[in-house]
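Please find the structures below.
Heads up, the next two complexes both have chain A, just with different partners, chain B and then chain C.
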Partner chain A sequence: MRTDRSKDLGPCLPMEGDDRIVCRCEEVTQGEIRQAVHDGMFTMTEIRRYLRCGMGLCQGQTCSRLVSGIVARELGIRPGELRPASSRAPMRPLEMSIWANECQAPDGAAETKKGGAGDEKC
Partner chain B sequence: MRSADVVICGAGVIGCAAAYYLAKKGKSVIVIDADEAIGNGGSSRNGGGVRQSGRDVRELPLAMYGIRSLWPTLSEELGTDVEYVQKGNLRLGKTEKHRQILQGLTDRSTACGLDVKMIDKDQVRQINPYLSDEVICASWCPTDGHANPLKTTLGYFRAARKLGAVFLTGEKVLRLRKEKGALRYVETDADTYLCETAIVACGYESRQILDSVGIDVPLTKDLIEALVTEMEPEMFPQMLGTADADFYGHQTRHGSFVFGGSAGYDRENRDFGHLAVYGNTAPAICRATLRWIPRLKDAKIVRTWAGYEDICADGVPVISKIDEVPGLIAACGFTGHGFGISPAVGTCLAELACGEKTSVDLSALRYDRFRSCV
Partner chain C sequence: MKRVDLIVIGAGPSGLSAAIEAAKTGMSVLVFDENARPGGQLFKQIHKFFGSKEHKAKIRGFVIGQQLLKEAEDAGVQVSLESTVIGIYPEREVVVRKYVETPAADGTDPQEPSSRHEAVFHYKADAILVATGASENMVMFDGWTLPGVMGAGAAQTLMNLHGVRPGKRVLMLGSGNVGLVVSFQLLQAGCQVAALVDAAPKIGGYGVHAAKVARCGVPFYLSHTIKKVEGTNHVTGVTIAEVDSHFQFIPGTEKHFDVDTVCVAVGLSPMSQLLKMAGCEMDNSGKGGGQIPVVDAAGQTSVPGIFAAGDVAGIEEASSAMIEGRMAGIRIAEYLGYETKEAGEAEFSKEEASLEGLRQGMFAPQNRGMKIEKTEEGIPISTNLLKHGFVADDEIGRFPGVTHKAGIHPVMECTQNIPCNPCQDACAKHCIHIGLNITALPAVEEGSTCIGCGMCVASCSGQAIFLVNEHTKEGCAEVTLPYEFLPLPKAGDEGFGMSRSGKPVCRAKVVKVRTSKAFDHTALLTIEVPEDMAMKARFYRSRLECTGGDSVIAQSRIKGAEVSQNGATGDRPCESKAAAESEKREEGAAI
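Let's turn to the complex of A and B:
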C-alpha cells in the first residue's frame, strides 16, 4: 500500500500505560512503540527492527498482536490493515552443533562450491 | 504534480543517508521506495561490518573517510544509537594460501595509508582467545568495526524525515524522463515527480531505471544468507572475516552473534517472492562458525534470513553523475559491502547533487569506466 510517511499523526501525548512492558523478551514499553510510530515507523517490520520488539527468544509469538494494536491505534487504522513482520526459520531456537549436521558433503569431503577469493561480503 | 529539488529512488541506507545530508543542506527531498517498509533491501539484512581492510583500493578512500569523520559521531548526529563499535577487524587464515591472500590485501591497503598489518597465531590469540587453534595468521586493522544496520538505516530515515524529507513507500519507480536533454521527471506506478536532480539508489533494480534514459551499468544479483543467535555472554568485540571470504560475523551490543556465509549456491538461491532461505546454507554457516569459533557450539540460532547483494561487474560501486543526462546521479552496485561506506556515500551524493566538490574523490567509481575485456 502506498504510504506518505509525512502523514500528520498529531502530537505524541503521554498515555496511561506508556511505561508498561509490551515485549517481555526485549523489554520494550508501550511508550517506546508509540514514539517510534510518531518517528515514522509505520510498519510492523520497521517497529521490530528499530526497537527489537519481537526479536527475542519467542520471536514475537507472545507480543506481536499487542504491538500491532498499539501501532494501529497511533496510525488510526485497523490492526488487520498492518502486515505482520515475517516469521523465519527455525521454528524454535536450535543449537549450532545440531543444525551443523544437516546437508553435509559426504564423508567430510570438501563442500561442493565455495565463495569468492578475498573480497569479503561484509 | 509534486516537485522537489532532489528525488531519490530507493530508501535503503544509501538513499536514506543521501536524503538526510541533503535535507540538512536545506534541499527539498522526496524519497520513493517500492517496498512497504523503509530499508527492506540489503540495508536491513546485512552483517553490519564497517571495515576498511580488505577493500578494493578504489573504494578504500570512502571507507577511510567515513570511519575517520562520520561513524564516531553518527549516533549523536542522528539521535539514534547506531551501536557503532570500533574494536578492529580480524581477517583469519588457516593455510599458507590464506596467508598469501591476506598479505596481498594488506600490502595494497597499507600503500593507501591504512593502518593494517599481518599478525601471527599468538598475536591473534591475544586479541581473541576464542578462535580455533587452526588459525595461523590474520590481518589486523584496529580502526575497523561494526554497527547495527537496522538502526543506522532507520536512524537516517528518522532524522531526514524530521528535517522535512518526504518518504513515500509502496510506490515503484518505473522510469526517468528528460526534458531538453536534462533529467526532469521521475515516473512511478502512482504519480510523476518534477525535480532538478534525481538519485537512483535502488540496488540491482537501478539497472532497469537507468536504462529508461539509455544508461547501462553492468549489475547482477546474488541472494546471500545470514543468521543470528540468541543472546550470549560477552565474548569479543572484533568484526571477523576470513581469507577466503566465505564466513564473517560479530557479536552485537545486544549479545547475539550475527554470522553470514555461503554453501556456494548464492546465484542459484530461490526467490519465491519472500526471499526463502536455502536449506543448505544455514547448516553451512553453522559448520563454518564451529570451525572458526568452536566455543559457540551450544549457541542457539533464533533466526535466519536472506538478502540481495547488487553485484557490479568489477566489484566496486558506481557513484557518479551521468554526463549524458545532466541532473542524474547513480549510486548502485555496492557488491555486498555498501553498508560500511553508507555515511560517506550519502555525504558525497548530497555534495554531488548540490554541485559541490565531494569530500572524497569519486573518479574511480564513474559509470563509464567499463571497457570490453577483449
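Let's turn to the complex of A and C:
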C-alpha cells in the first residue's frame, strides 16, 4: 500500500479531547498525534518514531489501536488501510541485563515446571 | 541450542490442545507461557460453558483447564512457565526469557537455599504454533487513565485468580459476553454493579447471560456511553449520556453514578506481533478483531512450519480455540511425518465438523451485524431482551420452552438460537427437546413427566431453566431457580420474589435449598410465591438484601421493596390477599 503524500489535510483545528493522554507509557496526547499527522507523519512507523507513542513499557499493547484510530480519522481513511508499525523483538520490555545474559539450553534437557530452567548453563 | 519437534507459544486452551494432539503421536513438544500458571484465559472462567458434550458444555472453564493440563501431562508435553517468548527468528528459532535456578553452593545456608535470575535462551523447532491469545481493547474518555478504570478481563483476573475485589461499586461498559459474564461475577464477588452500558442500540452478548444480570437488578443503558470519569487520584464517579445513531452525545441525557471502578469490555485484539515478526502474511482488514495471520483451516500460515490457533488467529471463544488447537496439532503431526495422512484426515474432519457446529446460530460469525427478527423456528425474537436484558412478561409465553401444565414442570427461558444443548442431555425423563440441530430452542417434550430432580436447572449454562409448580395449595405456587451466590439462603427464610427485571414483585418463602455434587456448585432454591407470580418470580432476595445493608438492591430498588413490605399482610407469602396486593405492587414497581 503506497502512502499518498500529496493529500491536503487542511489546518489542524483544535478538537475536543486534544489534551487527553492516548499513549500512557510515553504520555502522548491526542492533540500531539493529530498535529504529527498534519506535520506529515502519515504512517504508524513515522508516528512512533516522531512521538515515541507505542514505544514504552507496554509496547503499544494498549494504545496502538487508539493511535491508529486517530491517525486514520485525520487522514480520512479506515484504520485497516493504515499499515501497522513493524513488530520487533523483544516482544515484551526486557531489562538490558537480561538481554545481555544469553544462555545455552543443553540439548535434551528436561524443562522443569516452575520457572523453567533445569540444567541450563549460564 | 535445544531442539524439539514442536514449540507452542501460549498455554491457553488452543496451545494446550494442540500440544496434546501432537505429543500423542510421539512428538517432543515444549510449551512456553509467560504466566506462573498455565491455562490462559480458562482459569478465570468460573462459569459453565455452552456448546454440547463434545465441546465440554456445562463444565466450568477452569475445570476444563485442569482437564487439559492433566491430558498434557499424560501425553508427555513439557510446559515451561514464567517463560516469555520475545522473538521468532528465521529457521524457526525461538528466543525466550526465563528463569535460571542456581542451587545453593553446598546447602549450608538454609536461609539461601537457591537463587533465581533471568536470562535469555534460544530454542529451535521443526514447527512452531503461535497461540498467544488476545489483549483487551480500550476506549478513550475524560479520565480513562485514572486508577479504577480497568479492562473487564483485568477485573476478572483480580477476582478469580487473586481473590481481590476490584472495587465496591462498578459500572460496566460493554454488553458483549465478556461484559455480561464479568458483571455477573462481580455480583458474585459481592460488588455492586451500578449499570451496564453500551453505545450500541442492542445487547451484544447472549440473552441468557444478560437475563442473569438483569434479574439481579442491574439496569441496562443501551445507546449510552461514558462521557467522563470523575476523580483526582482515583475514580469517584462516572457520567454517561445517550448517543444518537452516529454515536454523538445527545445533550441533556447525562446520568451520573457514584462508583469507584469502571470496567471496560469493548472487545479484544489478537496478540499477533510474533507472527508478523516471523514474516507471516497478515490480514489487517479488521475482520478477526485486529491484525491476524492469513491461515488455512489448520492454522498454517504463509511461512512453512509456522502455525497459529485460537484468539490470535481471530477472536472467538475458548470452545472454538480448543478445536482449532487440536486441528493444528493433527496437521503439524502430519506435516512432520508423525501421523499418516489418512489417519490425520479422519480426525481432522471430525474436529472440523465440531467447529462448524459451534459456528451456528444467531451469534455465528456470518450473522454478525445482521438484523435478526425471528428465531430459526419463526418466532419473533424478544426485543425487550435486546434493550433491557430480560424477556418481557408479554413476550415470554411465545417460546417453546415456556408452557403451562399441572404439577411440576421445567420452564426454559432460552429464547435465542445459540449452540448449546446440555439441558437436553441432562433430563433422564426426556422432558426437554432440542434435537440434532444444537442451535434450536429448547422445547418441552409433549407427554413427558417431570420428576423435579433439578438436573436441567443445574446444567443450564445460561441459568435459564426454572422448575415451576403453578399450584401447590390454595393460592400458592413454587418456583425452583438456580442460585450461585453465598451465603446460601436456608429453608424457612423469608424475602422477596424478584421479577426478570430484578424488581421485588411479591413476598417469597424459601421452602427448599438443594446442593449436590451433580449440580456442580449451582444451588437449587425453591421458593413459595403467590399463584399469579409463578411465571413472574425468577429470583430471590432476602429481606435484609432488599431493605438493609448497602447491597445493590437496597441502593437501587429500595423504593419497590418498601412498597412490598408495607403492602404485604399476613404471614404466608402466598395467601390470596397477599397475591392481590402483589399485583398492585407490581404495577407500582413497574413505574
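Assorted remarks:
Operating definition for what follows: the second predicted complex is superposed on the first by the 100 of 122 C-alpha atoms of A that agree within 3 Å, B and C clash if a C-alpha of one lies under 4 Å from a C-alpha of the other, contacts with A are read in each partner's own complex, and residues count from 1 in each chain.
Everything that follows uses one rule, which is that contacts are C-beta pairs under 8 Å (C-beta built on N, C-alpha and C of every residue); 3 or more make two chains touch, one makes a residue touch a chain.
All of these numbers come straight from a predicted model, not from anything done at the bench.
Of the two partner chains, chain B is the only one touched by A:Y50; chain C is not.
By the touch criterion stated above, A:T62 is placed in contact with chain C alone, chain B being left untouched.
In the superposed model, A:G80 lies in contact with chain C only, and not with chain B. With both structures placed on the common chain, the touch criterion links A:P90 to chain B and to chain C. When the two complexes are overlaid on their common chain A, residue A:N101 makes contact with chain B and with chain C alike. Residues 83, 86, 88-90, 94-95, 99, 101-104, 111-118, 120, 122 of chain A lie in contact with chain B in one complex and with chain C in the other. Every residue of chain A that touches chain B in the complex is listed here, in rising order: 1-6, 39-43, 45-46, 49-50, 52, 55-57, 59, 83, 86, 88-90, 93-97, 99-104, 111-122. For chain A in complex with chain C, the touching residues are 17, 20-22, 24, 30, 61-63, 65-66, 78-80, 82-84, 86-92, 94-95, 98-99, 101-118, 120, 122. By the touch criterion given at the top, residues 1-3, 30, 34, 78-87, 89, 95-101, 116-123, 135, 137-140, 142, 144-145, 269, 271, 273-274, 276-277, 282, 284-286, 290-291 of chain C touch chain A in their complex. Listed in rising order, the residues of chain B touching chain A in the complex are 36-40, 44, 46-49, 51, 54, 56, 91, 101-102, 104-105, 150-151, 154, 157-158, 161-162, 166-171, 190, 224, 229-230, 239, 241-246, 248, 254, 260-266, 274, 277, 279-280, 282-284, 286-287, 289-290, 296-305, 309, 315, 335-337.
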